[in-house]
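Would you mind keeping the following structure in view while I ask a few things?
Note that the chains take the letters A, B, C and D in the order they are written out, and that residue 1 is the start of every chain.
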Amino acid sequence: MSDTTVLAPQEHFATIEQQAHAARLGMWVFLASEVLLFGAIIALFTSYQVHYPDAFRQGVDHNTKLLGSINTGVLLTSSTAVACSVHALRAGKRRLAGLLVAATIALGAVFLVIKLTEYAKHFHEGIYPGGAGSFFQVHHARGLPEFWTLYFGMTGLHALHVTIGLTVLGVLLSRIMRAELGAASAHRLELGAIYWHLVDVIWIFLWPLLYLA
Amino acid sequence: MTEATYLNARTTIRSWVLTTDHKRIGILYLVTLIFALVLGGFFAMALRIEHLTPGHTVMTAMTYNRSFTLHGVIMVWIFMIPSIPASFGNFLLPIMVGAKDVAFPRLNLLSYYLFITGTVMVLVSMFVGGIDTGWTFYPPYSSSTPTAIPTALLGVFVIGFSTILTGLNFVVTTHTMRHEGLGWMKLPLFVWAIYATSIIQVLATPVLGMVLLLVVLDNSLHWGFFDPARGGDPVLYQHLFWFYSHPAVYIMILPGMGVVSEVVATFARKNLYSYRAIAYSSFGLAFVGFLTWGHHMFVAGMSTFDAGAFGVLSMLVAIFSAIKVFNWTWTLKGGAVALKTPLLYVFAFLFLFVFGGMTGVAVAAMSLDVHWHDTYFVVAHFHFIMVGGTLTAFLAAIHYWFPKITGRMYSERLGLLSAALVFAGFFVTFFPQFLLGNAGMPRRYYDYPPQFQPLHIVSTAGSWVLATGLLITAIYLGHALFRGHRAGDNPWGSRSFEWRTTSPPPTHNFHATPPFDIDPYDYTQPLPGTDDDPAAEKEAA
Amino acid sequence: MIELFRRLIFLPVGASTVADGVDALHAFVITATMLVSTYVFGAAAWFTVRYRRKSDRQLTRRLSATVRHEASIITLVLGTFLLWWVLGFRQYVEMVQPPRDSDVVYVEAKQWMWKFTYPDGRDTNDVLTVPVGRPIRLAMTSRDVIHSFYVPSFRIKQDVLPGRYTAVWFEATQTGTFPIWCAEYCGVSHSRMRGEVVVLSQADYALWLRSGKGQTAEIDCGRGPGSCGGGDLVAIGRQVALRRACVACHTLDGQRHVGPTWSGLYGSQRTLADGRKVVADDAYLTRSMMEPAADVVAGYAQVMPTYQGSLTAAETGALVELIRSLRDGPVAPAGVALPALEITTAADGGRGP
Amino acid sequence: MNAAPISVKPILATGGALLALWVSSFALSYASLGTWALPVALAIAVVKAVLVALVFMELAHATLSMKLTVLAALALLLTLMALMVADVATRGT
């Protein structure tokens, strides 16, 4: 394999290590920013939850618990797969790394399909954001529209991040297959993987908030 | 023979608009910012003229409401927030840490074009209905007004994205691109200030982005995140908004404080009274500044417990500013002080910022805030911080680094004159507004009872003096840009790192590897190889 | 002394019980601000003159802060700031806690007017008439966007929110007319949303009460605004209770039904389903109408719908007054028969007595 | 700088642990824990997130600057949530 290619750093960096360090720190700072982005809407959710405990319990109880839980397992598995792929690429096993990234992408796609199935189910029941739909003519609990609006807001934003993550992983996969990424440039895959893990971590918190309790 | 500088390396338009050179991007920002300042200033002047008489003077109520909103939005997000970090931070930070560029030059350029995109969106909103909510966009008014809320708010959202990317770039640059041997405790204080600012930008701005998106959804799709009819709570919007917008005050003022530290040391030719205190207090402001947002909401219907907590936390944050002011003032003691234009602006900063800061503490004294909240007192207070602080520091920075950026020098006499005019004009404009606030005049009032007219006339007159001062500045700086005499590499005799290369600097910032092993504020001995060097002096003689 | 200070910095008269304290703190804070600004600028100016530069190559001695110097400054400044907070917070708590015996006036804000509903059932627009020397509590809500009730002469201000009741109180110390301004931007005519508080002497106020000035409350009894006719707020409350079918679940005679009885409810201590104990005061009662799920009394199911947006401030006020009138147990129905348990009667009670 | 873990075992072990926690969280949601249901579920979520961050995202081997970045973000997020929720929770009094 051609993994022994020595990469030259960009001209404003002294070494490739410095460049990789900068890229890694940059990604972490970006993730910190993402945490606060999701944090804002989660803080709003929590505040409404404290305000309307009963309505939010009703909302959680009505949610598609099984589908949401399966999705959690899907994302956890995908995270494990992409972590293994980084490990494989570092060890020079490019083919294995490629397969594992492909598996991650497949699992991510499954996640989105299940998510859309859930949305379809909600729409069928007459649950739309903003308290619109026939569901809310039967269920009046004050605060219930806020639960579902926030549900759509939070999962929608998360699904958007999943889509972005899938795009990034897709680009990385094609570069692995074209042998443009190897052991020496494994940090590029690592950055994509870190982003994917963040998407996973956010879902780890959305799951109990929206589906469990 | 002219030296190769970043200015004459390549001169095509393409080489400017697609540049990844941090210095050129800094210049692009500077030009855009000055455009924004002029536009925001135009609205300010229009508002002041409208207030010459009660009721209708030159515009209708709707025009007035849109004008003060645009004045706020332009000044806050298109001028103040990016002002010093995006222009001078971009230009100087890599040089000050001894790097060839920022860590992610292409991201830097992207960030500029995001800024332009957002700015255009905000300006477009002017023509497709305007916005009349004030720069705070409080729902449910903002989610029900039929004006161009989505365009304007998405514009601010995009500008926020640009802010995050700029901050990210600076954080990573400061961490990973420092020259060998350049430890944290040897960094110029401007770097500390920009670094602390960047942390706030990265961590606070996403919250603003999120909450603006929610308001856009409320306004255009009626999702009702903050709509009381659907169980929403508008006070929660205010929490999220101020969680960003209070730290944003430090995004605006911290870089100005960095400028002050540099200017004071250079023109006093003396080490700072306490480097550590000034450096650490920047971090203090950055972090404790996040804990005080609720003091904007004492009468908003927040719980008494929360109000009390925010009140006491607000008192803690003020101490960091006090530390800085104290240390700057005492830096002058035992120095060799030359009252040049940048230092005169810094003196204006000191006085106005102390006054603005102390009145800020005053409004955090909770019972007083009940009377002052949403009156002209608050307007005067934050203009003392933002104009008296940030704009004054911005002007100090322009004058201090003008020879660095252009290689030319402006007229010192006109500089001192316009600085005096700006200070006087500012004071006459905004001091009466404290009194208006005491008298109870609420802000965002198109019409007002006649007893307030005398103070409004004084304020409007002051705004003309201020504008005159700024106009003179623009004229002589414009003249100096093309006709000013050559300034030399280090006209102020500063020890700081950015003056250790040629003025203007070459494309990659340094011709030879400069020594980064000295203290940038050490004036106890001559600097070898410069005009300061006794050997050079002898040679010249 | 305080009058001179007020005139010096353009403060309006201090016409409420809290004004003098607030203005004294104001004087303290502003004097300190002036002194510190002068001190900083004076020091900077003095150093600039004393240590002016003599040569462009002049060197200076290293002069650094001692820890003691920095610490003493920090202690002094922080001490002052915290003292301000303590004083300010104590006054703030006083300002947000109405005395128990205050009279209530209901306030409804809308673009761009203030509407006041008095306990005797009258409505006035933009003019609030109160007696001097009596604590007045305003229970305020908005019909559209956020407004803010601001009386500079009383040094009080409180945002008025849609979907919620906020309270503010004052006790006027002198008679006269004092302006009310809306302090939260609320749309194109924000600056014209003005009203006034007319403070009358106790004797004049009694006269005003008897004069019946103002309109009768514009409460809709099914035939358009004002169709409930005259009468005090308690009587109106009975009609509202009928028309809104409150009496389908709440009795007025002490019997337990779907919901708790209103008899003897006011001022009593309630144990909630989650174990908290609350006193059934005006705030609790209005909250229970708007957010029934917020404080569910132990032993009752949460089945009540919200009346958010369907009850006006005046109607809410009328209901609270009715419940308050029942604080010592049921009273004989006056004028209106109250079929406490018959839902059908309650439903067509809307057609009036 | 990141010292890459030598063996793939920690990754697989972590993956296993995550799935075990996932199952236990799901199972616990059927035990009637009352008011404790959400805190317990969130506590498990925190453990999972910490595992992902330390092992998968290699935060355990990251530089101090990266760890501080994460800590700063979390500290501010908790501050935001605490003071916002405190307002809603203490408003009635």
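In the analysis below, a residue touches a chain if its C-beta (ideal position, glycine included) is under 8 Å from a C-beta of that chain, and two chains touch if they have at least 3 such contacts.
These figures come from a predicted structure and were not determined experimentally.
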{"item": "Taking each chain's C-alpha mean as its centre, the one farthest from subunit C", "value": "A"}
{"item": "A-B compared against A-D, more contacting pairs", "value": "A-D"}
{"item": "Centroid spacing, where centroids are CA-atom means, of subunit B and subunit C in whole angstrom", "value": "38"}
{"item": "Centre-to-centre distance between subunit D and subunit A (centres being mean Cα positions), rounded to whole Å", "value": "15"}
{"item": "Geometric centre distance via CA averages, subunit D-subunit C, whole Å", "value": "42"}
{"item": "Shared interface positions of subunit B, touching two or more other chains", "value": "171, 175, 203, 207, 232-233, 235-236, 239-240, 243, 301, 304"}
{"item": "Subunit A, residues touching no fewer than two other chains", "value": "21, 25, 29, 32-33, 36, 39-40, 43-44, 47-48, 51-52, 55, 142-143"}
{"item": "Residue list for subunit C, restricted to those that touch at least two other chains", "value": "294, 308"}
{"item": "Residues on subunit D engaged by subunit B in the complex (per definition of touch)", "value": "65, 69, 72-73, 76, 79-80, 83-84, 86-93"}
{"item": "Contacting residues of subunit A [partner subunit B, same complex]", "value": "11-13, 18, 21-22, 25-26, 29-30, 32-34, 36-41, 43-44, 47-48, 51-52, 55, 129-131, 142-146, 149-150, 152-153"}
{"item": "Complex contact set, residues of subunit A against subunit D", "value": "17, 20-21, 24-25, 28-29, 31-33, 35-36, 39-40, 42-44, 46-48, 50-51, 65, 69, 72-73, 76-77, 79-80, 82-84, 87-88, 90, 190, 193-194, 197-198, 200-201, 204-205, 207-209, 212-213"}
{"item": "Residue ranges of subunit B touching subunit C (in the complex, touch as defined)", "value": "61-62, 65, 132-134, 138, 140-141, 144-145, 228-229, 232-235, 268-271, 273-274, 277, 298-301, 304, 307-308, 311-312, 314-316, 318-319, 322-323, 325-327, 329-330, 332-339, 347, 350-351, 354-355, 358-359, 361-362, 364-371, 373-375, 434-436, 438-440, 442-449, 455, 493, 522-526, 531-532, 537"}
{"item": "Of all residues in subunit C, those that touch subunit B in their complex", "value": "9-12, 18, 21-22, 25-26, 29-30, 32-33, 36-37, 40-41, 43-45, 47-48, 51-65, 70, 73-74, 77-78, 81-82, 84-85, 87-96, 144-146, 148, 150, 152-153, 155-159, 161-164, 166, 179, 181-192, 308-309"}
